[in-house]
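Following are the structures in question.
The following pair of complexes shares a single chain, chain A, combined with chain B in the former and chain C in the latter.
And then the complex of A and B:
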């Protein structure tokens, strides 16, 4: 994306750093882009239906017919990994950015209003943050029951609080800025002041932080599925495929190791994007 | 200072109360009759009523919360239904493996992380620094259950150096059985340690007194150990305290991988069997540990470094 394609007035301008030329961002975008493409095209790329059992072909090592081998009932691991990646990336994207939106809106409004509303929201967020993340997710799963739904709700409940804290502290700083005071002088409504003028200025920090959050949420989701509390059988997701290979660590190492490598690639790619954006910021800050 | 300590302790108490309240609400959010869900489809109406009464679920909500808090404070945690023993003794049995695992993992992470951070800071922006950053990015992206299994394949199944799972007897038995899970936990912690410490070392290195030390002819290693690390270590300690919550969560998964009879696997079993009172107690405990550690690091920091006390002039 070159500078000339962005007009000075474009809202994109605020979010896209001036100089994007660093290898972290390029490498990260390449890896994540590849994984997203593969996941989107899973129905066309998968050589077998992900849940198709073929006992005669059980526990085969990687070959031309089965790139990543087969599992203990002869399901094709490559097809299962594709579909698993698809569902995991979808769930993680939805829960992370839903959590971000909820947290940023709550934090911004609390910081804008101030007073006891701010104090109450702040204490609730502190309490949620004090709970170890996975413990809170597990507690929610205990209520809702095992399955992706319970895990997703749990991660959102545990995840909004940090965004709320970040957005709130930025809102406090923004409140003192002349342009925010001007919204008052001009008689803009509170909603307009918050959503049109404050939010675009403070959402950046949260977006940068969300690159860490995506990785953490992916690991938590995979962990829950590994424990059998996330994706339920026979559906495949990366964590549950790892778990399904645990009884065959020596005889069929590919079932356990390959989905983990895919999870790792995703995490590395997203982390690189985060690093690249942060570095872009630094470049921009020191012209 | 005194006013700060009192206020900081007050904040923690409010947080603890909030934790307890949130955990207390858990059983009340369960759709339908939580006791029926807990006891399973074969429980009779009489049994359900008896358990509801013993849990105090028929009392007013405020009174229930008061009972919950007072039982937590006095340690009368009641009976676990799925394990048919008292929750207190259950936690007592499971505490040591988890504490040992978390401590062991943290020690490994520090032993690997601190030297890496020092090297990365001294050679900032050269290939060594980039290499260390890539290494921490990879270690951060690895799921702990997966790195645990891969370690088990290599060091237990192929090389037979360490046991594949379980919890050994005696000091060395425990160390041996906890090594692989502790290394897996340490991997997840490494990135935070290395990155925080690297950036605070770089900040301290840019200060004038370090320059003065160099001018006097002190060696790099002396400047590092005597002058830089002491001032750079505090942010890392704070970050470690914050991440204990992360580690506690990590034990839930890793104890399951290695079949370690700790609190993490107890919480997993409690969730699986819908033993709500046990889940509530364990959740409050886990949160309380995080609150206490954050309190302790804040107070220690205020004690050793007057600049962080609120009201102190900015130096």
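And then the complex of A and C:
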């Protein structure tokens, strides 16, 4: 068959189910994969320590010595972007998927049990969703104090609710499926029915939604740092680098522009992955 | 008769809703002896599925069961605690459903799903469950079990899925296998194979089978006794041969007459259907539920209490006018 050769031609085709083969997913995986790789390898790739000050080399434009130029105290922007990306990606991954796990578990259990439990959980989730996202995060930062920790806690507190709602509605549909009834007929425990049979069947919607959420959380995190509420100086973070270059926008555009572009690339890459998975799902739904 | 495995007496199942209660099962009694094969026949909405689900209390929300007795091996099923109920479901009764696709978790390999029941319900370790699953799959006549073990539900045909479901249902060596319309979703050839398989497994293991169907042909082929249900009542029950040869209740008679047979093939005989629609359970009041469609309806039919009257050894019917019918039918036949 002709597609045997195709299948062997790239790692994507070898490890990803064929229904997911589309350019969106390939491009998204490539961009995000590249960013993740450089972020993980930041200590090895960065030509300078991220916080090393060199006043004599301040505000230099991009060159072979400083690929992305230097900032107002002569720190290498490339090194700072690498480290900033590293911490941002780590924090975003943790908060998004911690929120997902918490929300999906709560929503699934509520949907499975139903009745007043479902009603109470639903109203709590509604309240959180109705609350302005940024204000909620700001409130938590005000309590915990500025820093990535406060922002992370705030985003998790605000973020679980949507996953809970999505998982709950999927669970309501799943509960009527014959195989969920079969778990009862076979005498399985509720925990087994929920975690072994319901969860794997409903988590996909939440995973697809999380690709949107990752981008939003990344922007909120960078925004908080930009406002000085997230990563504290001298630590590098995409938002704080942008903020630090703001005063030099006309003379040293690279300090703000380059981390902004990296942020944008990350957003586009993750969105493409989400689109690719969704399209694969649509293909699968019409066999 | 020996002590029955399952004894249901005066089972009533109703759905509560704002306007009150709608009784769907209105007083069903049936018994299944150890190793016996009993068929439950009736049209949609006659309450046959609900009746057999009550045996493992697998009820839709809002359904309420009341019964003088639902006993399995002498134990009251309706009084079981949650833990006891789970043990009852996992060890005593195996169940096969109509839809062989929906009953599998689509995200797991079928072999793993069978192995899971063995690990959970029989306490086997992974390796033992794996090899036992292969034996079970082989036992339900699945080719190349190792390969099928690794298949996902959507990769199997309907007949094959039904075989896997049977393997799953019998994995805990249940004493009673409830097959709720196991062949409805299958084509006729596969249907016969599945019925043969159930028969064979019954002979091997000595389990009892309660086969639910709306197809009298299926029941006649596979069962020792038949229970005919209509409108939430048992209208007739008895040995299959006896009921087929001498149906007493006008409903059973009409049901049997509606089945095409080989003698009439090619003769362009018009099969007698049963006129009208099955009754809406919400509109049923007292008396015989078949009254609107019965060819032999009498004025007293509206007051019949639907208790079962013996007409022969082990053969009972709810119609009190059987003798009059017989003469009526003879008259009709001679005219």
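By definition in this document, the second predicted complex is superposed on the first by the 269 of 287 C-alpha atoms of A that agree within 3 Å, B and C clash if a C-alpha of one lies under 4 Å from a C-alpha of the other, contacts with A are read in each partner's own complex, and residues count from 1 in each chain.
One rule holds in what follows: contacts are C-beta pairs under 8 Å (C-beta built on N, C-alpha and C of every residue); 3 or more make two chains touch, one makes a residue touch a chain.
Please read all numbers here as calculations on a predicted model, not as lab measurements.
Once both complexes are superposed on chain A, the partners chain B and chain C fit side by side without clashing. Residue contacts after overlaying the shared chain place A:267 against chain B, while chain C stays out of touching range. In the superposition on chain A, contact is made by A:200 with chain C only, not with chain B. Of the two partner chains placed around the shared chain by superposition, chain B is the only one that A:127 touches, whereas chain C remains out of contact.
By the touch criterion defined above, A:98 reaches neither chain B nor chain C.
Applying the stated contact rule after C-alpha superposition, one finds that A:242 touches chain B and leaves chain C untouched. Ranking chain B and chain C by residues of chain A touched puts B first.
When the two complexes are overlaid on their common chain A, residue A:184 makes contact with chain C while staying clear of chain B. In the superposed model, A:36 lies in contact with neither chain B nor chain C. In the superposed pair of complexes, A:53 makes contact with neither chain B nor chain C. Rounded to the nearest 10, the angle made at the CA centre of chain A by the CA centres of chain B and chain C in the overlaid structures is 100 degrees. Per the superposed model, the minimal spacing between any CA atom of chain B and any CA atom of chain C is 16 Å.
Here chain C touches chain A in the complex through residues 56, 58, 61, 85-91, 95, 97, 99, 102-108, 116-117, 120-121, 168, going by the rule given at the top. Interface residues of chain A facing chain B in the complex, by the touch rule stated above, are 123-124, 126-128, 130-136, 138-139, 141-143, 215, 219-220, 222-223, 226-229, 239, 242, 246, 249-250, 253, 256-257, 259-260, 263-268, 271-272, 275. Chain contact summary for the complex, chain B toward chain A: residues 14-15, 18-19, 21-23, 26, 29-31, 133, 137-138, 140-147, 149-150, 152-153, 157, 245-246, 248-250, 252-253, 256, 267-268, 270-272, 274, 276, 279, 282-283, 286-287, 290-291, 294. Contacts from chain A toward chain C in the complex involve residues 114, 177-179, 181-182, 184-189, 192, 196-197, 200-201.
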